[in-house]
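Input: one structure, supplied below.
For clarity, chains are labelled A, B, C and D in written order, and residue numbers in each chain start from 1.
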Amino acid sequence: MFEAIAFYLFAFLTIVMFFITVTTSQALYALSALAAGMIFISAFFFILGADFLGAVQIIVYTGAVMALYAFGMMFFDSTREVKEKQGNKYIIVGLSTLAAILVVVIFSAPMVSDKIVALYPAIDGVGNTQEVGLVLFTKYLVPFEVAAIMLLVAMVAGIVLAGKKMDLSITLMSDSEIEEQKNKKVLS
Amino acid sequence: MEKYLYIALFAPLVSSLFSALFTATPKKLFTGIIASVLIFTSFVASTILLLHILKGGEPIHVTLMTWMATGDLYIPFGFVVDQISVTMMMVVTLVSTIVHIYSIGYMDHDKGFNRFFAWLSAFVFSMMILVMSDNYAGLFIGWEGVGLCSWGLIGFWYHKEIATWASNEAFIMNRIADLGMLIGIFLVYWNTGTLQYDEAFALMPSLDSATLTWIGIFLFIGAMGKSAQFPLHTWLADAMEGPTPVSALIHAATMVTAGVYLVVRSNELYSLIPNVGLFIASLGAFVALFAASMALVNRDMKRIIAYSTLSQLGYMFAAAGLGAYWVALFHLMAHAFFKALLFLGAGNVMHAMHDELDPFKMGGLKKVMKWTWIMMTIASLALAGIFPFAGFFSKDTILEAAFAEHHFVIYGVLLFTAGLTAFYSFRLVALIFHGEERYKIFGIHPHEAYRFMLIAMSPLLILAMIAGVFQEPFFAMVEEILSAHEYHIHSHTTLWIMLVGTQLFVALAILYAYKKYATWSSVPDGTSPIENSFFYKLLFNQYYIPYFYETYIVKPYREASELFWTKVDLKIVDATVDGIAGIVYGTGEKTRQMQSGNLSTMLKWMVAGLVGLLFLAVAFGLAARYSDEIIVFLSALGV
Amino acid sequence: MEIGLNHYLVLSTILFAIGLVGVMRRKNLLLLFFATEILLNAVNIAFAAISHYYGDLTGQMFAFFVIAIAASEVAVGLGLLIVWYKRHSSIDLDALTTMKG
Amino acid sequence: MLDHILSLLIFFPALAALFGFMIQKESMRAYGISVAAIEFALSLWLWFAFDGNVAGMQFMENLPLVPSFGINYILGVDGISLFIIILAAFFTMIGIASLTDTPNVKNMIITLLFLQMTMVGVFAALDAIIFYIFWELSLVPMLYIIGAWGGPLRIYASIKFFLYTFAGSLVMLVGMLFMAYFYYQATGVWSFAILDWYRLILPESLQLWLFAAFFIGFAIKVPMFPFHTWLPYAHGQAPTIGSVILAAILLKMGTYAFIRFSLPMFPDAAAFFMVPIAIIAIIMIVYTAMVAYAQKDVKQVVAYSSISHMGVIILGTFALNVEGISGSIFLMIAHGVVSGALFLLVGVIYDRRHTKMMSEFGGLAHVMPRYATIFGVMLMASVGMPLTINFVGEFLSLLGFYQQSHILTLLAGTAIIVGAIYMLAAYKKMFFGEVTKEENKNLKDVNKREWVALLPLAVITIWLGIYPNPVLAPIDNSVKSVVQLMHNKATTELAKDRIPNLVKPKVVIIEKTIIEEVH
């Protein structure tokens, strides 16, 4: 009973939050709603017994990703209302609904669910984190390492891309130097 | 004897090649002389061969080399000299020699002098191949070869539009017939397995009559083209645009008789199919009358003679069709002599009259051109069949044959035509040589031809007079290979009545022609009532057949060609190809606009694609799930 | 009232659809990134749910890697976004048509 | 050396072309002529070394390339391909020798030498993949020749030529892959060797589909109606040398491939499709001849006449008997010589007047008598005058087909009429009449360089017309074995009936390996 209440509650909240994210015209609202939605999603993970995943969700998404977005938004004028030209709404809604219905139809097909066999069954008497650890560092070691390298590369890339000319500090430059740099179009 | 065969055959080739070396250079008299000498050599060799055959020698049969051999097909360059071919060789080489010598004078001032002799000798060579070959394929070589040379010679004065037009017409019309000939050859090959005359004829009696009939018909179609039989006759009259010696040699004496030669050569075939023979005879009789009627009113000297040639070819076919092959061959020979003489005489007149052809603009020429007058008169007498000239013996025998075979309609037609022949021949002679000197109005000063030209013509003159005496030896010679019955009417009384009757009829026609035309004094200008009568117009326009061909065959062909090119080829076939390419290109051009570069639009497309894929997944999933039911359903629909 | 796998899957689908709406609707590049995060998270729910109901850890592993990828995507994506913004001082998608074919 | 003469023939020109990049521009012509002359000498040597009495393949070479899929470098010649190879070498030589003031003559010669490699390769290849590679490669130099040296519409024409033929060959490639797959199914081994495929007997239903796939590729190349429209554009825009090679050799690839692939591999299908194909051939003959008659451009007349003659070749091929097939192969050579010469002749006048419109000429026989003469010789060969090379081929082709159908042969025989009509009309327009245009009054007659190119062609035209046996006899031997093979392989009544059995009284001698039918 508790599980059902929790599910419906968080389902309602998640949907609302994400709906706000995609519809609002204030970037800041969108960011906040997204962050809230992420946290609510982690609730599902806890309900489903994937504790580790829930924790990662909160840490990575709400912690890291959202922080990144927040920093990113500082580059742009986030307080300004976002003006977006909208095309045909019916196409957008229609396509999305159609996709959803089709996915549901596929899920409901018996032949999909019948044939699933557990490859790495959950281990009894062991906590979720330990289970994850056992599988992650044995069977998925190589993907794990690859993911690690990928994250490293992404980090480097992020720094390089965003941090170009970071050594130039406008506060330390004189006005003429700033003009000069502007003429070079380094700063825009 | 083989040596003489090769000399007879190849001397004209050598002559042609020799003259051809000088085609691009100005006139050189010696080409004409050397060509004439070489043709004369050929004539001498032919004479030796004739004597050999006359003495009862075996026919000479040689095989030079293989021409084509593949599968079961074997065609050699084989030549045979037997009674038939030696006759033809004599006719060809004799007339050729005379025409060559005559041409030296006739083409005196022409800048294509050397080229003329190259073509003329090439023609003789082709004709020799035609008559000497021992198989149908070799015959076809000569057949096409004479067509080619005729093309080159009719269009000899190629700066004249009408001459080149006539040459193309002759070539193409001959080609139409040659197709029939070719089909006939194919039929012979696939039914007998060989194209050699002797082997093929030996097998023919065992074939069923339908096949033989088809062979006979198709071969005769070939003969119809070369011998200008109806309905392929129009080219012959137009071919008169060529130089007159050419008309004498090709379009009177030799090439046009090739069709008759073919029928005579294939006599063993045609004896097996008398129905086709009857058709040939009927067509021959019809053409005899038909052509003679056109000659009655024509106002072009050479065309009149051409129609008379056509008419005489009709006689030959009538004889050949009735099975009187030797008579046909004999008439061929006699006709070659007097008709060549007639043409050469006409050439003299033309020269004298500066290429004027309308006999109504001549008149009284016998004073200045005495010898020509004599020659043409005798030739016309021979043509009309007056005793004792050559035509009497050959033509009268045809009439007898028709009578003896009880084909009285053919006999009647031929007899009537004999009268017409006499009339138009002497209409021509009377208009040219008698009466007032109408040419003076046009300021022409005629003169007699060179003496050596006249001398060259004299053998023909003699032969036109005395060729009749050869009838008996000729018959004796050819009866060995031609189914030769002498045609004798059973009762002598009938025979005499026929002979005398015919002679009287012809003589009356001659007298009538003289009476009507010998005193002619004016040039017709198209106003007299007779010129406006229906029949006159019908005959003068050659029964409107050239007009018919032009309007209903040539013109539609030209228009259809244009239509095929501009409408079908460019607008349909090519446009379809370009259309397919255009669809591909257009699709690319249209879908290119999807790549607007706008990420948002592309994302929409991405979602659309996702939906599409999902839809496919569902569809295939359902199809796999219900495959049995679908098969049942489809089979119920009968798919 | 028992909550089954299908409930989670339907939820996941609904969230995914919302994400699709966002992907198609958003013209601001930054907000577009948010929509993609929604898509990823919607899938993660499905993975976790399947993993739970089948007693198989593979789903969780996948979700885990998805999160890792999402993180790196954000890092690189934001970097590119900033570079772009520096050049064009706009992150409006409609102005972003240099790839027009 | 004789063992590898075919490889030598294929790759010698290609290597020479590569070296050609290093040659000085001025000496390029001499270099090109000498290379082509050596190649021609080699091809003549091939002929002398060739044993005309052997029906099968000679000078075979076999080098495994992808053994696991049975793709091997197999070469060989028989009487069918020998003379086309010689013709290709001959025409490349003549073509290079007759090159006039072409811009970028160096590139042109290098391209021609590459083209020669592909041409010889196509006719010598005995492995389907090798055949296909050379087949497609041959498009590239031709594309370049038309596109770089062509007339005003050259880009359109070259792209049309390339895409059209390329599309057809792709269908053919699919057919080849299927064929190899069926071979694999029947024997368990992959093979693309044509001689292996000969031994495979397919059920009729499969034969029909495979035949159709090959047919599309070949028919576009020939080109058969209604796939012919690329040809007038290609000829119309190509430079003289391009037209010569295209007409003389490249078109023959299609008809050659019919004899090499379609007939021996699918005898039942060939017999089944005989009548429809004959009807197409007749349409080609008559229709294109009429279109040729309507042309105003003399080069287009020759181009359309090519299509018309190719119709006769197709007809002879599908006669399915020795006479017809031998005739069609001979006609391929004949048509190569004659149409090549005609295109050269058109090039001669084009060099002088820079127009090909017949209305611009007239009365040329007065000014250029030698040119008129040699044009006349070729004209007469083109209309099939006996004792010229074309007649032998046409006569045998029609004779062969007559065994199959009387009425169709009668219709096809109109070729000799309609051919005469358009050719004589064109000749009349160009050469007869008075000289009306001032520019034509001082045209120079054929010069020495042109004589060098034209005279050998005229000699061959007459020589092989009078004495075709040296060429016909080896062809005949090979064709006999092909026809016997077809008869032995035929499974349907129709095919047995239409393809003659050459070994009538005795037991079948030719080795007959029947592999179980593919299901």
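The definition used in the following text is that a residue touches a chain if its C-beta (ideal position, glycine included) is under 8 Å from a C-beta of that chain, and two chains touch if they have at least 3 such contacts.
Predicted model, so just to flag it, every value in this text is computed and none were measured.
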State the pair with the higher C-beta contact count; candidates are A-C and A-B.
-> A-C
Between chain A and chain C, what is the gap in Å from one C-alpha centre to the other?
-> 6
How far is the middle of chain A from the middle of chain B, if each middle is the mean of its Cα atoms, in Å?
-> 98
Distance between chain centroids, defined by C-alpha means - chain C, chain D (Å) | 62
Distance from the CA centroid of chain B to that of chain D, rounded to the nearest Å?
-> 36
Can you list the residues of chain A that touch 2 or more other chains?
-> 91-92, 95-96, 99, 103
Two or more partner chains touched - positions in chain B | 600, 604, 607
Multi-chain contact residues (two or more partners), chain D | none
Every chain pair meeting the touch definition is listed as A-B, A-C, B-C, B-D
Could you pull out which chain D residues touch chain B in their complex?
-> 160, 163-164, 225-226, 228-230, 287, 290-291, 293-295, 321-323, 326-327, 363, 365-366, 369-370, 373, 380, 383, 385-387, 391-392, 395-396, 398-400, 402-403, 406, 409-410, 413-414, 416-417, 420-421, 424-425, 428, 431-434, 466-469, 472-473, 475-476, 479-480
Which of the residues in chain B end up touching chain A in this complex?
-> 600, 604, 607-608, 610-611, 614-615, 617-618, 621, 625
Within their complex, state which residues of chain B touch chain D.
-> 23-24, 65-73, 137, 140-141, 144-145, 148, 151, 155, 158-159, 161, 164-165, 168, 171-172, 175-176, 178-179, 182-183, 185-187, 189-190, 557-558, 560-562, 564-566, 568-569, 573-574, 576-577, 581
Chain B contact footprint on chain A (complex, rising order) | 87, 91-92, 95-96, 98-99, 102-103, 105-106, 109, 111
Listed in rising order, the residues of chain C that touch chain A in the complex are 1-3, 5-11, 13-22, 24-28, 30-31, 33-35, 37-38, 41, 44-45, 48-52, 54-58, 60-61, 63-65, 67-76, 78-83, 85-87, 89, 91, 94
